[in-house]
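What follows is a set of structures for review.
Both complexes below contain chain A, partnered by chain B and then by chain C.
After this line comes the complex of A and B, so read on.
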């Protein structure tokens, strides 16, 4: 049976109702409805604590002094630049660590992705194997490395003792070696996650472009240098930003290497900024000051990110930029 | 019970910090909300909730279940020990009803009026008798934050140990051709330094057996405890300044630890432990470990009682030493001649002053300190009971158990000292002074800092924290 057609009056009502909200408005409502859960989470658990942390940085809050809480203005920020004896060490070690970790991790995970992007047998298996460290608990990873790098009973010193023919007790987790060990552990633990993102980028490069270059006589290196690398620069840029931020915020690995307890202090070589924040905040019980240290780090990260974004125009290639 | 004292003029600051505390622990918000709604529901059903921040190994699920069976109407919830959570919840006005702490943390909490005076609760209790408490409970008696040791009681140790006794491996002494450490009287710290040098075994660069272990986290507590028999302290009488640079005895104590590290006869940045001293001692890679009586239970559980697949050759070898009486606990070393062997942890529990359910919280407190959990701890020897009436429960079986008990009986008469903690300093492990020392000793050991400069920096850093905390707390 054919459907009954609506009367002209009813049709006018329907049209009016539909036009009550424009398409754009409905799209806007849908957009905010979909992002509302995330936005609420960010405001409550992200922005809110950040702002309240900033307010706390302007007070003498020390964890238990609610009854004597005072507004101290910029005193905590002044202290950062005038009276913090260990801050110089923390900043210099963090810069060195970032300069070591970021390029090594970027290059290693990119090379790994290039290798595992080839049509080799069992590449799925190898991708899984290399990704595995990324899903292991970081505590387990660090303790495994502690066993390997131990001074008197460690695996590495055991191997060195055999090769040198004399007992070796190099301190890999202390002294100046500690920062290199930290880099090795961190790169190893993060290699899989870096590789996965680079692989995703590599698989988005059209094979026809590489094929065209090969037909023009380009070898494997020239294909990588002049086709793959330029097309991967947006991914490299993304990874660079994240790795700089992650390196500046590194805390867990040196803390667990140092024993993992509140108040544990890593060797000077791995006394990073966030370790300093932790000790100042909790061991010295300077919560207001700790918040000030964190806000300074936040500003530094923002500035560095802006700088890297600014440099992007010179080295990051976007297809949309082609005029 | 004690009147709750709330300052009206601090309401606005408190409101601000309620939010700040909750936010600082950002991820805890959900916990706070659920705790809050949970409490409302509990009240509606006339069910009292008591939260206890304590390690899982110190209050088991089974013990909580027994409490619930015996105490209908009280819901006991265990929270993991976490200082961040504790402070955040204090700031939010929602601190745990009971929490675990060590003695250096107590004066500051008392100064801030955060702990409940338990005197009247103890006087009314049928289970916890004041005259049954052992002396280390005096760490939690106070007239005010500056006068600890006498006065009303605010907390109770869960169990305790004279923490500076030494566990020795006579097998390693024999192998090194060194006479065993005497059992009946203490040696001096200098004598221990000599012994440590003699029993340390090296092979090329490698240190196969480290002579001595001291706990780096307790370094400033050692100094404080050693100074007391000499009539001295680490701080001025008003606790406002550290006293090391011009204190000859304190200088010698700092130097003793540095020399042990420099000579590579103790764990330090120059000789690193593969894990911690416990497994190192069982693996016989350290000859002497300065830990309290509780360590005897660690060795019993992790070596003596190990069977089946867990029984490695290393543990088997260690068991033989235990069975033949070659693993001993000997008196705490002496600094200055006097045999003094106090606890330097006094791990205890206190009740939040603003708890909504003080009577129910004290009921949990009684259960934890006098009933099943306390009995279980005593039976295992995981510390000495806080009640004299429970001493008989400590293990005395077998060669090892008897040796430990005899050594403990020998030590107990020397354990009465109370170490004053600085109310201006946070009570961590290490404390502020220890933190300053550990932040500098690597530089000293590498030859980049002189001894005098090290002491000056320790003192300055400590004084800096005292000054800022005194200001922060309006003291």
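After this line comes the complex of A and C, so read on.
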């Protein structure tokens, strides 16, 4: 402020004014100054591109040339629902994949957390081992699973060969199996972080509540069913939403498995929606169309989130005074 | 309550009856824990063993568990076949730069949300929380086009800008952490005429080392492991290990050299594993605080 002041007199006025700014005004200025990097980033790198993406979805933009750019109205959106041969495949695979991944991950990590919430030995050891895969970079994870599930050099086929007494060359990472392998890899990589979050939730449940139920004669299962589960529903709810959103956007594992280039096309079994988006945008250079696909996905995710939030009133248990 | 149980023999009998059930349940728990441990560790152990084999040995029938000769050569090839030091260096610089900036700006923004009351704060924090759930697809690709238009693709600038603009996840982490600080801490400083910036820098930051450690490690792990952004943005010269690892190790005919890539994968994952074991306690707490996967 002082740097812009034209004369010492004016500067003095600014200084006196500042002294009379109320404490609250000064704090408000400080607050907005402090959050400015984030707010600017959100507007310029988040909201801005988002809107540009939407505008691009109304054009034939190819991602490179602006001279050939034409406004095409809703034609890209029309095309999605009428003329995209691969779309049906992408949508059905994405739904199947999400329906496999979300429940398996959610139930498995919840059960692990329940187990570790008991008085088991070496709890710290198990916690560390379970979390370890979550820290590994995705490319390394994919390589590890390539030699687990590979056709000619995989451990699984190796073990099956021994048990069957003849060479087994099942294609786990391709054909119809690919989507199940993808689920295994994804659950493997995410089990630990899910377990950690559920475990923290479980440890926040007051022992007195469980004790009270036990004194009333409830067995272990009924304590879980009628005390633990209801109190855990807010955590389950949050994890459910995040894992649905994450699953719908999956593309990295199939893309790396397919060769790890922008144009790599995985087997039909794992031809997920976001892979379709990437291929359309980068390999086919239909940027405008890719953006339309993305906005359809965005709206679907928002709708799904709203629906899950709406169902929350029937199964999520909020009672402030228990915590 | 305890005396009540002690004075009532039937209850005590009931308590004794529960015991075998409990033992059974614990036994079952250990079985599940051990099976899960095998499931989670087997691919890692197998990866390590395979990285010391030859490609022929890897596809031997029947399978061999241990390598005949431990081929350290795979690791030497991994480092020399591609310019490994350069790509590792790129990964280190990118991850360190982005993580450092993320920690500093997120700590500042998180401090503002936790300690400075101002009109609009509640709503803006609501926005931060909502952004945790906004699917990245909606801005990732258009953001790339924006960066391309202003000439920042093929450079590391996007990582700098992503760092400076903080991230909702890290802001949330710091906000939760700073909210727990006692009010007296800043009151005394404020009476002495200390500016809010100095209060943050000299009082809050030095006391936020655990949160800073989590934030740094999680940001570092994210950039180090991120495969798509460098693939999209960077060139063969300034890209990261993640991109090279996906398909760079091939023989002169273009066939993948699997065991060499496995050795490279281990070298590539090792820094994260070391970081994890050093900062384990903080990382797990951080994941728990935000309720999110890193």
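Quick notes on this one:
Throughout what follows, the second predicted complex is superposed on the first by the 282 of 323 C-alpha atoms of A that agree within 3 Å, B and C clash if a C-alpha of one lies under 4 Å from a C-alpha of the other, contacts with A are read in each partner's own complex, and residues count from 1 in each chain.
By our rule, a residue touches a chain if its C-beta (ideal position, glycine included) is under 8 Å from a C-beta of that chain, and two chains touch if they have at least 3 such contacts.
Keep in mind the model is a prediction, meaning the values are calculated, not measured.
Aligning the two structures on chain A places chain B and chain C in clashing positions.
By the document's definition of touching, neither partner reaches A:233: not chain B, not chain C. Counting the residues of chain A that each partner touches, chain B and chain C differ, and the larger count belongs to C.
Residue contacts after overlaying the shared chain place A:153 against chain B and chain C alike. Using the contact criterion defined above for the overlaid structures, shared-chain residue A:161 touches chain B and also reaches chain C. Of the two partner chains, chain B is the only one touched by A:283; chain C is not. Look at A:38: by the touch rule set out above, it reaches chain C but stays clear of chain B. Applying the stated contact rule after C-alpha superposition, one finds that A:52 touches each of chain B and chain C. In the superposition on chain A, contact is made by A:294 with chain C only, not with chain B. In the superposition on chain A, A:177 makes contact with neither chain B nor chain C. In the superposed model, A:67 makes contact with chain B only, not with chain C.
Common to the chain B-facing and chain C-facing surfaces of chain A are residues 44-46, 48-49, 52-53, 56, 63, 146-147, 150, 152-153, 161, 167, 259, 261-262, 287, 291. The touching residues of chain B, when paired with chain A in their complex, are 7, 10, 13-14, 16-17, 19-20, 23-24, 26-27, 29, 83-84, 87, 90-91, 108-109, 112-114, 203-208, 217, 269-272, 274-276, 285, 426, 428-430, 432, 435, 438-439, 442-443, 446, 457, 460-461, 464-465, 468-469, 471-474. For chain A in complex with chain C, the touching residues are 24, 27-28, 30-32, 34-35, 37-42, 44-46, 48-50, 52-53, 56, 63, 111-112, 115-116, 118-120, 126-140, 142-148, 150, 152-153, 155, 158-159, 161-162, 167, 188, 190-194, 196-197, 200, 215, 219-220, 235, 238-239, 241-242, 245, 248-249, 252, 256, 259-262, 274, 277, 281, 287, 290-291, 294-295, 297-298, 301, 305. Residues of chain A touching chain B in their complex: 44-46, 48-49, 52-53, 55-56, 60-69, 83, 85-86, 146-147, 150-154, 157, 161, 166-171, 173-175, 259, 261-263, 265, 267-268, 279, 282-289, 291. The touching residues of chain C, when paired with chain A in their complex, are 1, 18, 21-22, 25-26, 29-30, 32-33, 36-37, 39-44, 46-47, 50, 55, 58-59, 61-63, 105-106, 108-109, 111-113, 116-119, 121, 124, 127-128, 131, 133, 135-139, 141-143, 145-146, 161-162, 164-166, 171, 195-197, 200, 221, 224-225, 227-228, 231-232, 242-243, 245-247, 258, 261-262, 265-266, 268-269, 272-273, 275-277, 280, 283-284, 287-288, 291-294.
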